Structures are given as C-alpha cells and as structure tokens.
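Following this line, the structures themselves.
In what follows, subunit A forms one complex with subunit B and a second complex with subunit C.
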Partner chain A sequence: MLGALNSAPAHAHLVQTGFGAFYDGLAHVALTPADLLVVIALALLAGQRGTQAARWALFAFPAAWLAGGALGAWIPAEATLPLLTTLTFGIAGALVATDVKLRATVVGVFAIVAGLLHGYVNGATMAPGGAGALALAGAVTAVFCLLAIVSSQVTTLRAAWTRIAVRVAGSWIAAAGVLMLGWLARA
Partner chain B sequence: MIRAGRFLLALVALLATLAPAPLPAHELQPGFLELREVGPGRFEVLWKQPLVGGARMQIAPIFPESCRQVGEVRTERVEIAWLSTTRIECAQGLAEKTIAIDGLDAYSTDVLVRVQHADGAVETLVAKPVQPAVTLRGANDAQRGLWAYLYLGIEHILLGLDHLLFVLGLLLIVRDRWTLVKTVTAFTVAHSITLAVATFGVAQVASAPLNAAIALSILFLGPEIVRTWRGQTSFTIRHPWVVAFVFGLLHGFGFASGLAALGLPQGEIPLALLLFNVGVEIGQLAFVLLVILLERSFRILQIHWPQIVERLPGYAVGTLGAFWTIQRVAILLRAVV
Partner chain C sequence: MMRVDRRSTRFAVLLALGLTCSIAWAHEETGQAAGFLTGLVHPISGLDHVLAMVAVGLWGVVLGAPAIWVLPVAFPLVMAFGGLMGLLGFPLPGVEIGIALSAIVLGAMVLFEARPPLWVAALVVAFFAIFHGHAHGRELPEGTSALLYSLGFVIATGLLHGFGILLGVAHRWPIGRQFVRTGGVAIALGGIFFLWRAVT
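== the complex of A and B ==
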C-alpha cells in the first residue's frame, strides 16, 4: 500500500503560458487532470448539498490548498501520491453520483483534506519547476473562482433533469477515477 | 474616515516601498527581429531593441551556426528603441532552423520574430522569456505565425494591470446590465480607434505623459466608486459609458505601445492590428465575465463580506490609481527637468 502511495516519482513541472508566474499557476490547475477533476467534483458536491455546504467548501478548500501548497513548496515530496489524489476526486465523483445526503460540515472536512492533499502535491511539483508564491496564488485563485462559479450554479438547479445531469457528471468523474486506479495498479 | 485615510496613506507608502521601479503595466515594449530573404540563403536583418528606463535592453539574436554576417552593422537610436541593420548569409537557409534571443530571460517582454521568405511568404513567431528561441518552418508553412499578434494582444491586456483596474473601476460604478453593455462597448470602440490611429502612425503620444494620464483615469474612478457607496450620484455614475469612451481613447494609445513600437511593414498592419485588437478584447471580456460571474456566485451563495473586504476592490482602484499617478508624474517631471 505504501509502495503504491509513492509509486510515481515527482517530476518538476509547471505549465508555461508566457504570461508570468500567476497565470502559469492558474493554467497548472486547469491542465492537471487530477486537480481540475477534484475542483469540479467538489464544486458539484458542495452545490448539490446547498448554499451552506457550498460556502464551507468555498473557503475551506482554497485555504487548505494554499496551506498544502506552501508546505509542498517548503518540504517537497519525493513522489506525487497519485493514488491519493485519484482517490479524492474519485470519491468526490462517487458522492455526487450517489447524491449522498452529507452535512455541510462533512463537505467542509472533505474539502480541507482534499485541498491539503492536492495543494501539497501542487506545491511539491511546481516549486522545483521554479514557481514561487505568485504561481501558488494563481493556482489558488483558479480553484476559488472555479469552485465559486460551479457550486453556486449547481445550488440554483431545481428541475429534476438538471439534478440528474449533475449526478451523471459525478459518475463520469468517478469512472475516470476508477480507470486511473486501474492504470495505477497495472503500472 | 480618518482611520480609512491613514490606512490608505500607509498602503500607498507600502506600495511605494515595495515597488520603487515603475510597475510593469506599460513596460511591455516588445523587441522585433525581421529577416527578409533577398537571395537564396541571404537575409537582410532588422533588429529593434526596446529601451528600458532609457537604456538599451541587453538582448541579442543568436543565429544558427550555418549563418554568417556579410554586411556592416548600422545602428541608430529612434524614439523608443535602438535599430540595427545588417545582412547575413545562411548556407542551408533558415527552414527548420532555430533563432534564439540571448538575455531575454532577464526581462518581462517578448520579441516578435518575422521572417519574409523570397517568395513573399511570411512567418511570424514570438520568443518569450520562458522560451527565448523560435524554430522556423520555412516558406511552405508560412502565414502560420499571424496568430502571434493575437497572443500579443491577450498578453498585453492580461499583464496590463492598469487597464484591468480601470475596467474593474467601471464595473464597480455600473448599476445595471444595459449600462454595463454600453460601457464595455464604449471602452472597446474608443480604444480600438486610438489603437488603429497609433498603429497606422496617424498620431503618436509620448509614453511618459500617456502613462501618467492613464494612471489619472484610474484615480478618477476612485472618488466615483466612493460616491456609489454613499448612494450619491454624479455624471460619471449616470453615464459611465461617456467616461469609458473618453478614457478608452487614452488606453488605446497604451495598447498601441505593444504593436506600434514594432514598426511593422505597412502591408501587414491591418491584419496584425485586427488580431492584436481581438486578443485584447478576448482578455478584456474574459476579465469582465469573471468579475460578473463571481459577483453573481457570491450573491447566490449569500456570502456577506465584512465591509472592508467588500470595499477592497474600490480601495485598490483608488489607491493604485493614486500611486501610479504620483509615480508616473514623477517620471514625467524627471524627463522634463
């Protein structure tokens, strides 16, 4: 199990937009599948559970991401922990798909754990690539904006088919997680 | 009120300490390297080095090893750059060859590389600080590089913090959707007019007073935002599109600094101008859309910010406007005296 957690060596990488470190950090989240999927899945989950849960997630997740990112930049990991990052977005997707009636505080706790983990990996992979605080700020800004926009829109959905559409989106994310886990196990 | 005044004063002082050099809002004067094929493997070279703080930017092109210089290097100072011309001969041509810009990684600007092949086909590429080398494809794959102007336009608005802050200031005083549409459209039309005027060389504005005036336009919005907080009204609040149009004319000259400085061939200007302007609009609309969506999201999620946080964007507009005005007027005065 521990071997699986550390199965992928950390490669310093930072998306280079040419627009500076802030936009590089922003693009890093958008172009890293595990990061993008966890933000979308959490936004769907928080929106599904109502405005209070969305508010919890909106402040807990980026704050945890920032803390994790700072920690990752300070003490870089030897590995990118793909199993854990895949599990977080897979679980979030599954929770959306099954429409489990979670309390707002539980969504908040999940947001903190996922934010710390993904932020840590984010910081650990970006820092050796030459990214500084500005890149981390860009990444956290991207997370905050995406989470705010998607989760708020989901809270406004009333029609049954739109709620089903959200669950379908969650199931796709969960499926992506399962496929990724299978690929990791094979590797 | 006194506490807020002290806070603002402290913030201005802090910014002045943190950023003694001019902020890079208008320092985006790209370099320009033009190669015109005048015979098989023979190129006329035009190299434009922008000025940074009045000094020549320390960047230089590095040609492939198969190239050698065959003409004298002639250098002259023009208004905002140093121009060098020479000739090179490349035994194997320039197709699939890499040209690097030495020293570019030390600056926050780009170099536009334009190669005109013997058959008239043109390649346009951008060398960036993070990727200071470009690889040419040759005449058969030319014209692909025109998108470089679109990239330059997007870059200019996304890194032009003063332009974005002005747009933010306008968004903060706009009351309804129809006024928003009118205001954004007025700003777009106005800066497109002066961007075209400056790029075609019909009119030019010296960069120092222009930058000071742009800073003043941002500072101008500060008190207007405060009036909206107090429920007061003014001509600007009733007709923000008029202000957006008038100041948009100024900002257009600012946008032109990213394009007019290149000294493009006349024939290429219309398309370059169009793509550059489209790039600026893409960046601007993305910013406006983001602000609107975030505002709507906070409303839906019933987030009640503390008053200081709610007013922070307004304070940022006024404070940075004041800071830039002082800074740029000081630069202007230094240049005059």
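== the complex of A and C ==
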C-alpha cells in the first residue's frame, strides 16, 4: 500500500480529436476512466443529496477543476497520483451506495477537494503533451456538462427503484475503486 | 406494481451510457477496451460464479424488500474486498469449495424460500462474496487497464444479480413460484457438481 502512495510517472497522452485543443481536452475527460468515474460518482452523490447539494457541486467542482488544472499546468509534478484519484471516486461511490445523509456544504467541500485533485492531475499530464488553456477549458466544460446532466436527472428521481439504481451504480463504482486499490498496491 | 415513467427511463439510459461509454474509445491509453471487455466477460465465463450470482438475485426476490436491493448493493462491495484480499496476498483456503458451497447454500435458500432476518441473509451473502472476489477479482490479463477490468467485472456481476431478480419476478404467480424454486434446485445441483470437482 505504501508503494501506491508514490506518484506514478505522468504519461502525456492527450487524445487528438482533429477538432482542435478545446475538443481534445473535452475528450480527455471522457477517455480517462478515473476522471470519468469521479464526475459520475460526484454527480450521483450531489443529485442524491438534493437540489441544494447539486447546485453547490455543479459550480464548485468545475471551478476547482479549473484551478487545479491551472496549478498543474503551471507547476507540473510529473505525477498522476493514482492512489488519491482512486480514493476520490471510490469514496464518492461508497457515499452514494450507503446513502449517507450528507449536508449540501459537505458535498460542496468534497467537490472542491476532488476537483482540485483531478484538475491538478489533468493539468500536470496534459501540459507536457502540448495542451494549453483551451484544452483545460474543454476538460472543464466536459466536467460541467456531464455533472449538470447526471445530477439534474438524479435530483428529479422519485420512483423507489430508480433511487436504488443510483445506489447500485455507486456500489459498482466503489467496488471498482476497492479493486483498483489492490492493483495499485500490487504494482 | 412498479410504474416506469419517462423520466426514470431516460435516467436509466443515461446511467448505462455513462458507465459504459469509455469502451468505444480505446485510443488514449493502452488496453482500455480490452480491459473493460475482459472484465465484463470474465464472470460470465465461469458457470459457478454465474449460478451463485443469479441465486443472489433470486433469493433477493424471495426475501422481498428491502433485501431485494440491499443484497445487490452490498454484494459488489464485499466481493471487491475479497478481491482486495487476493491482490494483497492474503491467503484464503478452499476458495473453489467456498464458491461451490455458495451455489449450494443460495440455491437451497431459493428452493426452501428461506426468509431469515435481513442481517443473517446479508451475512450469508457477504461471506460467500469474499470467496468470489478472491478467486475472480485478480485475474487481470497482461497489458489491460486494471481499473476498467475491475469496473467491467463488477458491472457484469451486478447484471447477473439483475438477471436473477428479473427471473424472480415470476415468483408472484403460483406457477412462477414453482419455476423459481426449480431454479433453486438447478443452482444447488450445479453447486454440488462444482463441489465434487473441487474436492476430487
């Protein structure tokens, strides 16, 4: 487990969509499993906790992602911090699965921490690949849109089985996170 | 009877897309599509695992609410801890026997329509989930994405629970009830076969 705490080397792997840097950044989020999972998990959590929490998360998370991304591009640490990024989506998934009654402000704080972390890794890994502010803007846009779509849908859910489906999805994300921790420890 | 409105259906489609969309774009990191698909197929490739997972769904229906949703939420998490144990090198003796026993016990629960308290049912399922996770959660092929393999593995297991629950819907009709109980017999017999294979 201690080995997993060490930062893994960064891989400059910004996808080339052919539509320019903005869309490259947008696609980067969709093609990075840990980023995609944290956005989905946080959207489920925010939606599950109600409109107020969803509003907090909707603006706090992308803003933190942008700030973290700018920091990562400015001071790249050559790191992908896999343990921390796994923990963020794993914890978010577990909170969704257990349906813990969190306050909206707690969801907001979690969104800021997760956004800063994943944004930092985004900036740090995209910058060496030649991606600039436009790519980061694309990534933040992807995060905002996905979060808005999923969390808004979840907040409107009333049928019991749909609330359960959200918890099951959270448990799947958390379980994948637990297994990933094992892989990181073994690496 | 559950009502399925348009909003719920739209959400279910969005959720499914969100959880599976990355497999179509395998250009960024090596082994992403292979990892997800391998993880997705892996639980289905072992009949012992399939039998036990379907049995969890069937038993959930027999038990009714809240077990019908507690078991599918709890099982993947406990199974993942079993996988974590395996990955960290914690030895678990008799894994294959444990998996075979899970089919026998869960099949018998469905056959006899056992309705213990929820905590007992959760404990039984969690106990066997450890064996399933320990055996299957760490079989990652070379060069594939560990995270997507894990996600595919967990999703496939969850879908098998869902399949069991769908089959179990028949339990509300008298003839369907016999069908579900017969399913329990088939699962238990399958478990006996795998137990015989594990000990010989």
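We adopt the following convention: the second predicted complex is superposed on the first by the 183 of 187 C-alpha atoms of A that agree within 3 Å, B and C clash if a C-alpha of one lies under 4 Å from a C-alpha of the other, contacts with A are read in each partner's own complex, and residues count from 1 in each chain.
Keep in mind that, in the parts below, contacts are C-beta pairs under 8 Å (C-beta built on N, C-alpha and C of every residue); 3 or more make two chains touch, one makes a residue touch a chain.
Being a predicted model, the structure only gives us computed values, none of them experimental.
**Student:** Figure out whether A:Leu116 sits in contact with subunit B (first) or subunit C (second), or with both, or with neither.
**Tutor:** neither
**Student:** Look at the residues of subunit A and decide whether subunit B or subunit C touches more of them.
**Tutor:** C
**Student:** After superposition on the shared chain, which partner residues are touched by A:Leu58: those of subunit B (first), subunit C (second), both, or neither?
**Tutor:** first
**Student:** Should A:Ala159 be classified as contacting the first partner (subunit B), the second (subunit C), both, or neither?
**Tutor:** second
**Student:** With the two complexes superposed on chain A, say which partner A:Ile149 touches: subunit B (first), subunit C (second), both, or neither.
**Tutor:** After superposing on A, A:Ile149 lies in contact with both subunit B and subunit C.
**Student:** With the two complexes superposed on chain A, say which partner A:Ala185 touches: subunit B (first), subunit C (second), both, or neither.
**Tutor:** second
**Student:** Based on the superposed arrangement, let me know which partner A:Ala92 touches: subunit B (first), subunit C (second), both, or neither?
**Tutor:** Touch partners of A:Ala92: none, neither subunit B nor subunit C.
**Student:** Under the stated touch criterion, which partner chain does A:Val140 make contact with: subunit B (first), subunit C (second), both, or neither?
**Tutor:** neither
**Student:** Is A:Leu26 in contact with subunit B, with subunit C, with both, or with neither (first, second, both, neither)?
**Tutor:** In the superposed model, A:Leu26 contacts neither subunit B nor subunit C.
**Student:** Report for A:Trp172: first if it touches subunit B alone, second if subunit C alone, otherwise both or neither.
**Tutor:** Touch status of A:Trp172: second partner only.
**Student:** Shared contact residues on subunit A for subunit B and subunit C?
**Tutor:** Residues common to the subunit A contacts of subunit C and of subunit B are 149, 153, 156, listed in rising order.
**Student:** Okay, in this complex, where on subunit A does subunit C touch?
**Tutor:** Per the touch definition, subunit A meets subunit C at residues 1, 11, 13, 15, 27-28, 30-34, 36-37, 40, 86, 94, 97, 146, 149-150, 153-154, 156-157, 159-162, 164-169, 171-183, 185-186.
**Student:** Which part of subunit C faces subunit A closely enough to touch in the complex?
**Tutor:** Of all residues in subunit C, those touching subunit A are 2-5, 7-8, 10-12, 14-15, 18-19, 21-22, 25, 27-29, 32, 69, 72-74, 76-77, 79-81, 83-84, 86-88, 137-138, 140, 145-148, 150-151, 153-155, 158.
**Student:** Under the stated contact criterion, what part of subunit B meets subunit A in this complex?
**Tutor:** Of all residues in subunit B, those touching subunit A are 108, 110, 126, 128-131, 151, 154-155, 158-159, 290, 293-294, 296-298, 300-303.
**Student:** Contact residues on subunit A for subunit B in the complex?
**Tutor:** Result: residues 16, 18-20, 23, 51, 54-55, 58, 145, 148-149, 151-153, 155-156 of subunit A touch subunit B.
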